[in-house]
């Protein structure tokens, strides 16, 4: 089977990285995944802080969980798109840790849906920040670290434009 | 009718701006709308540059149009969310041009779907950049201007973190 | 910045109202937003009336909250579309209360998601009815008031066809 | 197999019609399907009238087709929901033509996606109007006929509230 | 009205079954509905087994309910598509129980959202298995029965390929 | 960075494969991705065979492209879910070709959207069949090969239940 993959590879020419973006390459930016991961942590914080009982409690709790669910999924989706469409085999050769990192993001994204444990959410943010760092390095854009300008104000990786 | 609105206003207390974000306030960031608007311009450029005919031509053209459609809608949706959830009546008093700007963005977003005219797409990007400038000013975050790190490389408003 | 908006305005010719509808103008009707707002109130009533505990209780409560969430969002979306695509600057000049009304609907829609308070839901229905009244007036169609033919049977604004 | 169906029927008690609506019964109104079907005809008219060539032509044509597609699907979805959730076996006994009518609507909805033939779109509108007539009769609400207050201004069945 | 339906029928030629599939006929397979129905039962099992309280309990319970909701809807949607697009009037003549079965699936799908009662979920699986049996018979493909290779491991109808 | 990943790994315990499925593990089955990939090839065949011109031609062509687009995306999404939620690090150790295969599926899925070239679609089907083979091997379920019971009737990998 491995040979078949290799054959496809050379046939469809996936292995040369392209400097420009054609659809579905479009315009890639990990910021959407980063904001989604921050939202996951924010929801975990709101869930932990929610007090009271009855209809009002149920209304808020259900909404936090649903928003957390949606954004953990969106974080995974965005990373999959960049990994599947932008990252070429020679990038993987250059950054051998990238594949495991992406698989980790997928698993952290699922964990972050299964739990309300803040540590999992923070780990998701950090893993996506690592991905952002590699992504911008591939693009040749310098990065910096700065606090997000909204709660939960975690330190994020941003392109230094 | 106007009185009724005023009554609701004082009843539900919309007019005091809140410094923190509760759901659906969540985490607001105009960057998603800005990237969407850039994507609209990118698709217009690809549409203008597309050559050839037959199935391959149709395949690419239909995809560019569909992506343009989706991102113009997303830009409008994101601005509506920030305007409807984050912007309070006293912000509108402080930035009297804001309402007209938002209405303009909605109209430019629709124009950008109806046409492939690049000028309309660029106007949408600019109007959303203006919105971003006001948004970050309300948040007390300084902004800077820099070229987007991907085609069509228009000058964008970014928070100076 | 205000000047730029004005310039765009005259450039893209938003200010002349069009009697006919081209896509995305399509076919506008506030009835979808009105039904959505009624559904919000209906869910609030069901939430308040729900008794019991355990799995069956959780199942119903979560579903009511999710349906409420979806319909409050749909109400906001529908009004945004009509306001952004159908309403032109000269309509805003003719009905100066319209912009504040639309902003109010957005805020009530968010409040109606954040809470299960029936008064908020009823206020959302009323604000959207006001919008419907102005919409049909612009179209030159007379309106009437009648009870909705389903729970919660609130008085609604309908076109008198 | 038929016996099993009958057994399920008596077990889960589908056959008694309920006067009130519990979720997912919610708030049923065929108006959304009716507006969707009108939109299908409107798009067919716009497709037939579209002139020109090149990018602008492709942009409009693709958008009309996509909107037609979406609204034909929505019309089918809405009718399925009312038929599946609101219509009980004893309604089917009372209106024996109802099942065939619903199956017809599904087929016309598909035809309306496969073609740009206006007659198919008009037949879809008429079949859904027939459904609306039966629906309101079951609810005990009188209906009237009136022209839709927007293009393509076909005669529609409305509840006489 | 019945006459009008008949007239449409002969006009648009719905009554001849087509051996091939044109869009939206596409590629029909009841397996997606079958998997969705199994997922509904799986969620009911998880809901019944869930223990504990507090945020973790709420997080899991809300997610199970939401997944159950989504898959019950998907099961109904898939069956509607096959019934509306693939099943022609002469199939209905050949399998007179088919219409009632489809209506039953719609009602069971709604019941399965309204409740966490496992018996309802199992009945939904069985009704969809019956539908699969008829579907494959129409296609001239033999079927077999086998346990699903994942929880809840119910006996399913599969094509014998 | 690699160390951080390792630390997360041992912290959140991703590396032990679980025999059962908890949400979001749910019920995994590559059949949905396989059907989606077949649909991609089917659309390519319909696109190549489409004749004529004018509105009817545009209507069909746009629909085929849109359906192709949607199903290529769905194939990628389904594989990502199984890979991200079901496949654990020790599976990756056991099947070292798996990661490259998944990355290949993502790239073929994008190619299949960018082009109407049947060979790309067939390669996507084959790569997903390879994935199915590994998936069922991990589950300890034997597989067989058989022609799909619908156009384009490609040979598929099915579990031998």
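Which chain is which? They are A, B, C, D, E and F, in the order written, and residues in each are numbered from 1.
As a working rule, a residue touches a chain if its C-beta (ideal position, glycine included) is under 8 Å from a C-beta of that chain, and two chains touch if they have at least 3 such contacts.
To keep track of the chains, here are their UniProt names: A, B, C, D, E, F = Nickel-dependent superoxide dismutase.
Please read these numbers as outputs of a predicted model, since none were measured by experiment.
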Contact steps required, at the very least, to link subunit A with subunit D come to 2
Label-sorted list of chains bordering both subunit A and subunit F is B, E
Cα rotation angle, subunit B onto subunit D, in degrees to the nearest 5, is 120
If chain centres are mean C-alpha positions, then the most distant from subunit D is chain A
Of A-E and A-B, the pair joined by more C-beta contact pairs is A-B
In whole angstrom, the CA-centroid distance of subunit E from subunit F equals 23
Dist(centroid_CA(subunit A), centroid_CA(subunit C)) in Å evaluates to 34
Shared-interface residues of subunit C (touching two or more other chains) are 22-23, 60, 62-63, 66, 113-114
Contact graph of the chains (line, ring, star, complete, other): other
Every chain pair meeting the touch definition is listed as A-B, A-C, A-E, A-F, B-C, B-D, B-F, C-D, C-E, D-E, D-F, E-F
So, in the complex, the side of subunit D touching subunit E is made of residues 1-2, 4-5, 8-9, 11-12, 14, 22-24, 76-77, 80, 83-85, 87, 89, 92, 97, 99-101, 103-104, 106-111, 113-114, 120, 123, 126-127, 130, 133
The subunit E residues in contact with subunit C across the complex are 47-48, 61-62, 65-66, 69, 113-116
Seen from subunit F, its contact residues with subunit E in the complex are 20-24, 26-29, 31-32, 35, 38-39, 42-43, 46, 60, 63-64, 67, 136, 139, 141, 144, 146-151, 158-159, 161
Subunit D contacts subunit B in the complex at 55-56, 58-60, 62-63, 66
